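Since the structure comes first, as structure tokens, the remarks are kept for the end.
As written, the chains take the letters A, B and C, and residue 1 is the first residue of each chain.
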Amino acid sequence: MNENETQLKIQALVDGELTGREAEELRARLESDGGLRALHARLTAVRGLMAGAELPRTLPESGDFHWSQISKAIGHGEREARRLAKPALGANWLLRWVMPLAGVACLVLVLSRQQTTMPDLNILLGGDHELELTDDEIDVMTFNTGDDAISIVWLDYSIDLQQDSLQLWLD
Amino acid sequence: MPEEPAYSSAEEPQLVEWAKSGDMQAFEELVARYRDRIYVRAYSIMRNEDLAVDLSQNAWVKAWQRLEQFHGEASFPTWLSRIVTNLCLDELRRQKRARMDSIEAMEEATGPVENRMELETVDPIEGLGREELRERIDAALAKLSDKHRTVIVLYEFEQFEYREIAEKMGTSIGTVMSRLFYARKRMASLLKETLKRDGLIE
Amino acid sequence: MSVSRDNPPMNRFTVFVALLLFVSSGYVTAQADPITVQAWLVLGSSKEQKDKMEVPADIKKKLARVFKWMHYYQLSSRQLNIADATTESAKLSRAATIKVTNKKSGKVAVSLFSKGKMLVQKTQSLKPGHHMVLAGNTKTDSAWFIVLSKSK
């Protein structure tokens, strides 16, 4: 056994990874070899230092945000799985429910157009929040803080932040 | 109307059962309980805040998708920790940074030479608080190469055996032993250096 | 809830009529008061940028509750006075414009346009002291925020 192998065996002994017979043989060598005993002691000291020494850290983003990202990814995965698993919706279902509801929606739209130019055919998000996204390519995520004081719509979209020079004068 | 379960006071096995049956709120509570712990493990291996956050999130998503496979052989956080560790190892493999000119590559190629270096004696001097020592150990870990840091994190913190580390890292047990030995020597040397510099040891 | 396959057509018609009456009555009675909405365009960054002005402390505090950037810089801000059931717009950057509609029941509809193209429209109640935030990443390691709040 060369020096390198011996060092690794001593380490394995410290780590409790040696089998009974090998461990016994090495322990016998340790008794007669001061150098190996010192190595054993040093490795044991380093192990002792490292035990439970992982520095605790706090996630650098808020728990709400972290969860919103996770739940969004879970939702996306489940939608994708459903999309792959299920056949397209039947025409019967379409005729039975979607067409009459679309009729009602059109009437509501006609009424509401007299008051505002904004269409009301939006996605209901729960509560009184509605979201309309015009580009399917843009990934979007919405969430509220626990106390509902801040509602956030996060878009996977980079807008141009440059200011007009005229605007800079006005600011 | 049935009463909503008291998630915050529920025991972990109960939360896991609820989550298995599709209860997202139960899963959210599990995330709240263990998100820092999972992040710490990812950070210990990757040493990059953004990557650690992303990998932690991915680990939670994978955990949700694989909840059926969790049968309580290990504790839930241990199971999660294994998931995030695997993701980190995949990420390290994916990155495969071309650092062949680094000291690490040289050391890998010349194992017996490095192993002849003397292992520094480290004495965690009395009076140095555990927290302070942890911070120094953390700083020293940051200075190790990915391979050496990973092996020491998996062994000391994740409590894998040599064989498991070899399997996870796709290498031999001998290489794992060699890397672990080198990593410990480097840690001892770095710690001695920092303690000396700060006048905490002679 | 199970749905009978043999709903008589009359029943469904009755439901439609009831729905229409419900919607129409809301249309007639609900009115919105004039409102003032403040909008900020904010850059969130981990790097200090001495040439930029930090956002007001209360806005920074709100954003920092949720997001992780070290600095929040105000790139522009606008105030919109919006009469009942009307829409006002404000240009916040060369490319970004918002349109805010004062809707009934205390709701506002905020549309974000980039280079003239509408990206998103969010409709919700906005109580004084509460904030609506539209946000996204920038191409560098930072983020943009459009923060809206309603004055009392």
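Here are some notes:
In this section, contacts are C-beta pairs under 8 Å (C-beta built on N, C-alpha and C of every residue); 3 or more make two chains touch, one makes a residue touch a chain.
Computed from a predicted model, the values in this text were never measured in an experiment.
If you sketch which chains touch which, the chains link end to end in a single open path, with no loop closing it.
Across A-B and A-C, the chain pair carrying more C-beta contacts is A-C. Note on chain placement: the centre of subunit B and the centre of subunit C lie 42 Å apart, centres being C-alpha means. Separating the CA-averaged centres of subunit A and subunit B is a span of 18 Å. Distance between chain centres (mean CA atoms), subunit A to subunit C: 26 Å. Shared interface positions of subunit A, defined as residues touching 2 or more other chains, are 60-61. Subunit B contributes residues 24, 28, 31-32, 35-36, 39-40, 43-44, 49, 53, 56-58, 60-61, 64-65, 111-112, 115-116, 119-124, 133-135, 137-138, 152-153, 155-157, 161-162, 174, 177-178, 180-181, 184, 187-188, 191 to its touches with subunit A in the complex.
Partner subunit C is touched in their complex by these residues of subunit A: 60-62, 64-65, 100, 103-104, 107-108, 111-112, 114-118, 122, 127-135, 138, 140, 142, 145, 148-164, 167, 171.
Contact residues of subunit C toward subunit A in the complex are 12, 16, 19-20, 23-24, 27, 41, 43, 62, 65-68, 75-77, 85, 87, 91, 93-96, 101, 103-104, 107, 109, 111, 114-115, 117-125, 129-139, 144. Subunit A makes touch with subunit B in their complex at residues 2-4, 7-8, 11-12, 15, 17, 39, 42-43, 45-51, 53-61, 63, 66-67, 69-71, 73-74, 77.
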